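In the two complexes that follow, subunit A is the common piece, with subunit B as its partner first and subunit C second.
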Partner chain A sequence: MKPVIALRDVTVRYPSGVFGCREVSLDVYPGEVLGIVGESGSGKSTVLACANLDIAPTLGSVEVMGVDVTGVGGAERRALRAKSLGIVYQTPQQGLDLDVTAGGNVAERMFGAGHRSYQHVRARALSLHEAMELPLERFDVVVKAFSGGMRQRVQLAKALVTSPPALLLDEPTSGLDVSVQAKTLDLIRRIQREHGLATVIVSHDLAVIRMLADRLIVMKGGRIVERGLTDQILGDPQDPYSQLLVSSQLA
Partner chain B sequence: MKPVLAVHKLRKTYTRHLFDGRKLDVLRNIDLELEPGTFTLLTGPSGSGKSSLLRCIYRSAAVDSGSIVVRVNGDEVDMLAADDRTVLETRRKYIGMATQFLSVVPRIGALDLVMETGLVRDDAADLLRAIGLSEGHFDVPPATFSGGERQMLTLALTLARVRPILLLDEVTASLDRRRKKTAYEALMERKKTGVTMLAVSHEIPDLPGLVDRVLTMHDGELG
Partner chain C sequence: MSAFAEILNERKPSGYAWAYLDEDSKREVRRALLKAVCIPGYQVPFASREMPVARGWGSGGLQVTLSIVEPNDTLKVIDQGSDESMNASALRDLIARTTGVKTTTDAREATLIQTRHRIPEDDLAEGQIVVFQVPIADPLRVVDPRTSVTRRLHAERDYSPVWLYLYEDVATLAAPSFTHSYPVEVEGGYVMAPTPIPRHDIPRLNDAPFLALYGAGREATVYALPPYTFVKPLEFDDRPFEIEAFPMPCALCGAAESYLQAQEDSDPVRYVCSDVAYCRRRRESA
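And now, the complex of A and B:
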């Protein structure tokens, strides 16, 4: 079995000279959830951006479905994303056009993937809208009028409408209040299992990670300092920084 | 018969980097073999390393050296050499672990949690009843459960998944007398089907035929 996404010795150096991440390798297989934790600025989001092909690595390579796609851009990247990668960002405005309706946001991704039949696109977008437990009467309403939890559901609908094998989650619930967070996590967990999605989740909330992730990567200063099974790292961290992270959060 | 689980010269140290790198020897040279279909009870003072041993076998704790080999249906897995995905696969197929603490998704009701393991509704309800959880709790998420009720659910979730090896860490500690007996009977049922069990407990189950062997741990060593 091939990993859906693989990063091999990825280093990102921003034009400012700052390193986003250094020598990061990871892979995620169908049906499993890989968590990435670490403090702000540790490189978590850079790694996710590489996986989503937003950033091309300065060194190293990115593979999607076993194919080296390092540095692809333009139409090829758009097609690849639509076919293989769905992403949910922490803030909805990163992933959605808030002035466009929920249905319009979701449909846009389908048009981007090459679908042309309006009827088909609308029907498919509507079915995702329903699957994400969004109220039907909101389908033609602009996202600006949505609550935080509903906006994240629209992002999920958009991410999944083209049935990609991979789902990338960048702090998907951290802007939400506790009850909405729990509801959203339930939904993510359910769809991840139902569709056997290869999932990467970046979060600083270890409770979220504990609930979702099978395997875990701990990052600090752009590097991976520890990797392993989630329950092992959270229960018996080996690296000094992992120990600090776990003891800080569970104390 | 070949053991389903063989632990050899297992050593484990905790290094506390936040406390001057202080080291704690928790397991020293542990040798342990479990014959198929047997129930081994592990006792010993608090802090003697019982739970650490279970966690090392399950690989939810890291090991310094030694070996842990699982042998089921002609399949042999070296748990310390195996990569993370192989360990997860081995757990899914062969090893169940129940701890004192329930860790589940907060909003899902007890019955639905048991059904998530793959049981149909009637079987899940039968199992919860057999463990002793009252029916009024079936549709309630465990967040509001008492310690004993959580423990019943933990045990039910562990038994719902059919695994040839079960690691049980004080799974009956907060149950009342009657429910303890119910829990032991449920374990006995599994034993009859050939399940091999390693259980940490401070008390010896008073159900005839359940416990085959009692081992005592002292200060990281198995007596």
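And now, the complex of A and C:
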């Protein structure tokens, strides 16, 4: 089986000279959830941005569905994202136009993928809207009027509307209160299992990681310091930084 | 001295260059126009000059017209279908006085037509040139105010924001809200602003025998449609583009196929042709 997303020895050096990450390699296979944890500035988001093809690695390569796509841009990248990658950002305004209706936000991704039938686009967007347990009467309402939890669901609907094999989650529930967070995580887990999505979740919240991730990568200073099964790392961390991270969690 | 140069010299009004602009300026505009004709719908920047009309009052169309006008041209200038409006009269007067070209109101005998917001109702022919005055050159301006963004979208032919705009209109208003300036896809893939012509005129751009040149003075941009270019309004497969429908024919000439304007001050409201010269000729020949 081929990994859906693979990073090979990816190093990102920003124009400022700062290294975003160094020699990061990872594979994500269909149906599994890979967690990335680490403190702020550890390189988690850089790695996710590489996986989403937002940043081209300075060194190393990125593969999607077994094809080397290092450095693609423009129309090719757009088509690849529509076909293969869905992403949910921490803040809804990164992934959505808040002045556009929920249906429109989801529909835009379909237009990007080349769909030109109004009825088909609308029906498909509506089915995703329902699957994300969003209220039907809010389908034609601008996202600005939505609560935080609902906005994240719209992002999920948008990410999944083109049925990509991979889902990228960048702190998807960090801005939500605890009960909404739990519901959203339940939804993500259900969707992920149903569709067998290769999923990468970046979070600083170990509770979120414990609930979702099968495998875990711990990052510090742009490097991977430990990797393994989630239970193993959280239960018996080997690297000093991982030990600190796990022990820092409030009970 | 060539015959052409002699005519230029002879007709030169005192104190002004022939056709108002100096030859180097005209050449620069023509170079931009040549590029525009080569890449249909692509917005070509040019060094828009200060003109004796304010920007936004046809300065772009005027520069295009003055750059391509020849001594043997026959000129027609219209504003919303009327040859007699203040703006059309002033522009025509300027062009005619600085060039000495013949003017006409009959679209069929004009070789060069400068227009604001209409295409004449008469079927135009090969060899005719229509110069459009352009208020907003970029069809993506409605979806993003940043030129840095719209340039990238054009370069990648990423028009999903316009499709989203259409989707939102259909979803919330039941139909696209573009009453004029309906975005069109042009041969080669660019989406282009056809200028605020009514939807009635949009299908007439497709495969048209005339050369269409677009000048935006304020935005310092020209673009073009060479003759016989494929032009298609953006429409969903299952929501066909529709032109305006009117409840009754023209009250003056009886035309049922032309673009009409409502006369709101008449009681009951009546509709008359927006193309005044066309309407008058139909009445006179009836």
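Methods note: the second predicted complex is superposed on the first by the 249 of 251 C-alpha atoms of A that agree within 3 Å, B and C clash if a C-alpha of one lies under 4 Å from a C-alpha of the other, contacts with A are read in each partner's own complex, and residues count from 1 in each chain.
Assume contacts are C-beta pairs under 8 Å (C-beta built on N, C-alpha and C of every residue); 3 or more make two chains touch, one makes a residue touch a chain.
Because the structure is a prediction, the values reported are computed rather than measured.
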(request) With the two complexes superposed on chain A, say which partner A:R189 touches: subunit B (first), subunit C (second), both, or neither. (result) first
(request) Pick one for A:D231: touches subunit B only (first), subunit C only (second), both, or neither. (result) first
(request) Please work out whether A:A75 is in contact with subunit B alone, subunit C alone, both, or neither, and reply first, second, both or neither. (result) second
(message) I'd like to know which partner A:V100 touches here: subunit B for first, subunit C for second, both or neither.
(response) second
(message) According to the stated criteria, A:G17 is in contact with first (subunit B), second (subunit C), both, or neither; which is it?
(response) neither
(request) For A:D214, select first, second, both or neither according to whether it touches subunit B, subunit C, the two together, or no partner. (result) first
(message) Quick check on the superposed pair: does A:Y29 touch subunit B, subunit C, both, or neither? Answer first, second, both or neither.
(response) first
(message) Using the touch definition from the top, list the residues of subunit A that touch subunit B in their complex.
(response) 29, 32, 182-183, 185-186, 189, 210-211, 214-215, 227-229, 231-232, 235-236, 238-240, 243-244, 247
(message) Can you tell me which positions in subunit C touch subunit A when the two form their complex?
(response) 155-161, 163-164, 167-168, 170-172, 236-239
(request) Name, in rising order, each residue of subunit A that touches subunit C in their complex. (result) 74-75, 78, 100-101, 103-104, 107-109, 111-112, 116-122, 140
(message) So in the complex, the part of subunit B that touches subunit A is made up of which residues?
(response) 14-18, 55, 59-62, 84-85, 87-88, 103, 105-108
